[in-house]
Amino acid sequence: MTFFTHPLDHRTALHLVAVEDAEELAEVLNANRERIGTWEDWAREPQPLERQREFLRGQLQKFVGGTSLPCFIKVDGRLAGSIELRQVSAGDRVSEIGYWVSAEFEGQGLVRRACEAFIAHAFGPLERLRVELQIAADNERSCGLAERLGFTEEGTRRSAMVVGDRRHDLVWYGLLASEWRG
Amino acid sequence: MTFFTHPLDHRTALHLVAVEDAEELAEVLNANRERIGTWEDWAREPQPLERQREFLRGQLQKFVGGTSLPCFIKVDGRLAGSIELRQVSAGDRVSEIGYWVSAEFEGQGLVRRACEAFIAHAFGPLERLRVELQIAADNERSCGLAERLGFTEEGTRRSAMVVGDRRHDLVWYGLLASEWRG
Amino acid sequence: MTFFTHPLDHRTALHLVAVEDAEELAEVLNANRERIGTWEDWAREPQPLERQREFLRGQLQKFVGGTSLPCFIKVDGRLAGSIELRQVSAGDRVSEIGYWVSAEFEGQGLVRRACEAFIAHAFGPLERLRVELQIAADNERSCGLAERLGFTEEGTRRSAMVVGDRRHDLVWYGLLASEWRG
Amino acid sequence: MTFFTHPLDHRTALHLVAVEDAEELAEVLNANRERIGTWEDWAREPQPLERQREFLRGQLQKFVGGTSLPCFIKVDGRLAGSIELRQVSAGDRVSEIGYWVSAEFEGQGLVRRACEAFIAHAFGPLERLRVELQIAADNERSCGLAERLGFTEEGTRRSAMVVGDRRHDLVWYGLLASEWRG
Amino acid sequence: MTFFTHPLDHRTALHLVAVEDAEELAEVLNANRERIGTWEDWAREPQPLERQREFLRGQLQKFVGGTSLPCFIKVDGRLAGSIELRQVSAGDRVSEIGYWVSAEFEGQGLVRRACEAFIAHAFGPLERLRVELQIAADNERSCGLAERLGFTEEGTRRSAMVVGDRRHDLVWYGLLASEWRG
Amino acid sequence: MTFFTHPLDHRTALHLVAVEDAEELAEVLNANRERIGTWEDWAREPQPLERQREFLRGQLQKFVGGTSLPCFIKVDGRLAGSIELRQVSAGDRVSEIGYWVSAEFEGQGLVRRACEAFIAHAFGPLERLRVELQIAADNERSCGLAERLGFTEEGTRRSAMVVGDRRHDLVWYGLLASEWRG
């Protein structure tokens, strides 16, 4: 339904988020509450439609302000996940990537390919010099992905994140423009 | 430089406008001042960079608000023209198209293909029932295009537009969803 | 209750709309739902008080911004109808008139006299060069009024308006400053 | 040039202020700088056009918000003075009047008649229970007017106002709805 | 809980208001409804938590804008009362003090000491030339305090305040910088 | 000049920033340009007064919004340095401290004592569970302070900060509520 996309292959594309996606987003989040809610505190509660609309409006405002690239990953037009390139510090030319993918579309390399597109865009047109990921220390799948993408583990912010009643350590990954294979 | 596009062919795409386009936009407008200024009053003055930035920010706000689809037509990444799908009346499900193209890229069918993409999007996902064009009565080239696209001439708003010190009649063209060949 | 008016005769005046009018406005609209709702889609639903307040606040903001002259027609202080002079395009010096009148006050020439006051103000102090009306093609009474006021029928935007589940053609009328008898 | 007025007689009316009045306002203020600047500190400086525009926009915003009735007194369409009915306290139903008049139109009873119209509106449709004036103790002309209008002198705020390098005492006048002759 | 204070003695301090105070504020106001509601109309209604939050946010905005110094008087960290230094007129260098204290903490000189701190700050760093109090004529306790603080009774605004269904006269007190014993 | 403070000793206090501090701030920053500009990119340029005012207004807005505690460290009323407690993530209950001190006041333990006051406030009334510092890897003085305060070095974000034309690694320090000696 979005007019603008960034294609990853003939079936998969990154779509700029749209307020009209709110319904499908709420549906996917509610169906994946337990799964996404393992690593994202906000995802543990039911996601009413109006909150999604407000969230998407906020994301679009950040896009317009130039501080975020908020995308949905869609496969054959269906919402499979979300990925965002956030500006951490404009002057320092550092950006951060955050993402989630629904259970149904896991294991197909969607996030990896989306990250590669973001990294290319960050080190290319956006002229960033450093891209970051923060991943819960016990999220092995995501930590593995960070390493396959070429990120370096740089440290662990102890007890930095809460999900439900558990606090998690966050591993900090960094990738420098000079390290990126292009 | 834009991350999101709507491809028309392997060299040409519609790009969501971006504030970073301001410099190239100012350049193209200043180079085409006489040409575009024949039909657009605002285009007759020199276009300082800051005004372009503000204009583009305004366009993006309308995009986020869902009342406009503001695009640049780019060929091999170069800004060739501008095209916008504006909501005329949400309740009535009517939209309007406006456009210009630089001298260098005229006569290549860019505007026609961009209009076709907009019409497909308007009558498809946007569920509009009517698309409109308003063209100066003495702009023969544009009037010819409207007719080739299947629009019907519906009337003439006499003396409705000013460009410099001349007032122009505006021809009103309409295309209904039921008339569109899909 | 309004302090400022534009008198039409000793019993009738145009009043700048006020938020305090919301109650009487809701009452009149609810009593005329079928009648006004023949030509105005928004008028078909019940009109809660809070929506009227918001609407009037919005109208006053446009007045302050200089893009609208939103009035109530009052007879002996009672709300008989509404008339608005909207700026269509500042640079082109074109304005548009829209109006409705309640059943009780129909057939007394209120709208005609209010239009004449607006036209005099538009071509006088506001220095407009063109005033427009858009009227549903099957609204014979209003079409007749446009002609009696000296407007020229300039065309028909086919299927441009929806009211309930019916779409209407809209006739476009124009009056130029040079045609106005002053 | 204003569409809405409150007539005082066949030549004189109160006009809702308009941004278009800025030029004439600046002219009158600059011509009366010494005179008005005897009692109003802001009037002692030259009044650039842009500041007047901003001031008038601010006044209209207060009007739309319902906390002020900002008027120009016009004689034969010429700006003769300014008068404002300000809400002091909505819950307490108290309003205050402030005014100035240009040298050319002094001594014609303009301010008195404008005050009477405001008082009638305040105690009538606005349902205020008290109207106030604050006047510099050494402004004999204005103090005399307050008494002729039926106000009671209620006290003196010592050293409450600065004009240039002199501080003035302010006399407080009050008129109750029950005292007003209607 | 506030980080910033202005100590009056080892147990008592003025605290900049904070949104987190809303709960305790609502509690104190509800417990003192009759008492504070004798002189303050707003205090007569039950005070829901959300309204207190909004009120405190508004107070902080005025503080940031430099037009108010809104404090809570706290004794051993408990909310005992409220005191505010409001700018009446920046150009005239006049400020006004308003306050209330809960029943439990009355008669301990809290308000007197808080007023003295405000007066010192107003005539000192803020360089005000006049500080004002307005007190209901029948509030003998507060009128006595004004006199002990050295204020001069300057007049009475008749019928200027409503509390419930009774209107009160307001006595106007003024203290000049030159009168203050420093 | 600030009314509210958080005393550290009889000569030293944390003051909530105020717009009136802009002049002294600009002076101190300009005098310490080289020194502070070794670790803070923004400090390398001359600091015009108007930019400081805007910056301080922004800081106060964050304070009002509850996401920052922006302070000046003042010794005998003179601006000696700046320290801020920033909310990193409300839900995760993590805050971060940032600071600088002028050359004249270095080596007196001001920053250490200010940090201790912030840490006590963060783990006390603010109920944070983690406080962070980020320090350039080659800023030995600051790294030493972090360790003396009991922070743990948790990792190094390589090439994460730019100052002038040099990029620096940033060391990440964390202190947990459970580690704090209270």
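Letters A, B, C, D, E and F mark the chains in the order given here, with residues in each chain numbered from 1 onward.
The rule is simple: a contact is a pair of C-beta atoms (placed from the backbone, for glycine too) under 8 Å apart; a residue touches a chain by one contact, two chains touch by 3 or more.
Computed from a prediction, not measured in an experiment: that's the story for all the values here.
Taken together, chain B and chain E share no touching chain.
Steps from chain B to chain D, minimised over paths through touching chains, total 2. Distances between chain centres, each the mean of the C-alpha atoms, put C farthest from chain F. Its interface matching that of A-F in over half of the contact pairs by residue number, D-E stands out among D-E, A-B or C-D. We define each chain's centre as the mean of its Cα atoms; on that basis chain C and chain E are separated by 51 Å. Averaged Cα coordinates give chain B a centre that lies 31 Å from the centre of chain C. In whole angstrom, the spacing between the mean C-alpha positions of chain C and chain F is 60. Along chain C, no residue makes contact with two or more other chains. If the chains shown are joined wherever they touch, the resulting network closes on itself as one ring, and no chain has more or fewer than two partners. Chain B makes touch with chain A in their complex at residues 1, 3-6, 14-16, 19, 57, 60-61, 63-64, 66, 69, 121, 125.
Interface of chain A with chain F (complex): residues 41-42, 89, 91-94, 129-130, 132, 152, 154-162, 167, 172, 174, 176.
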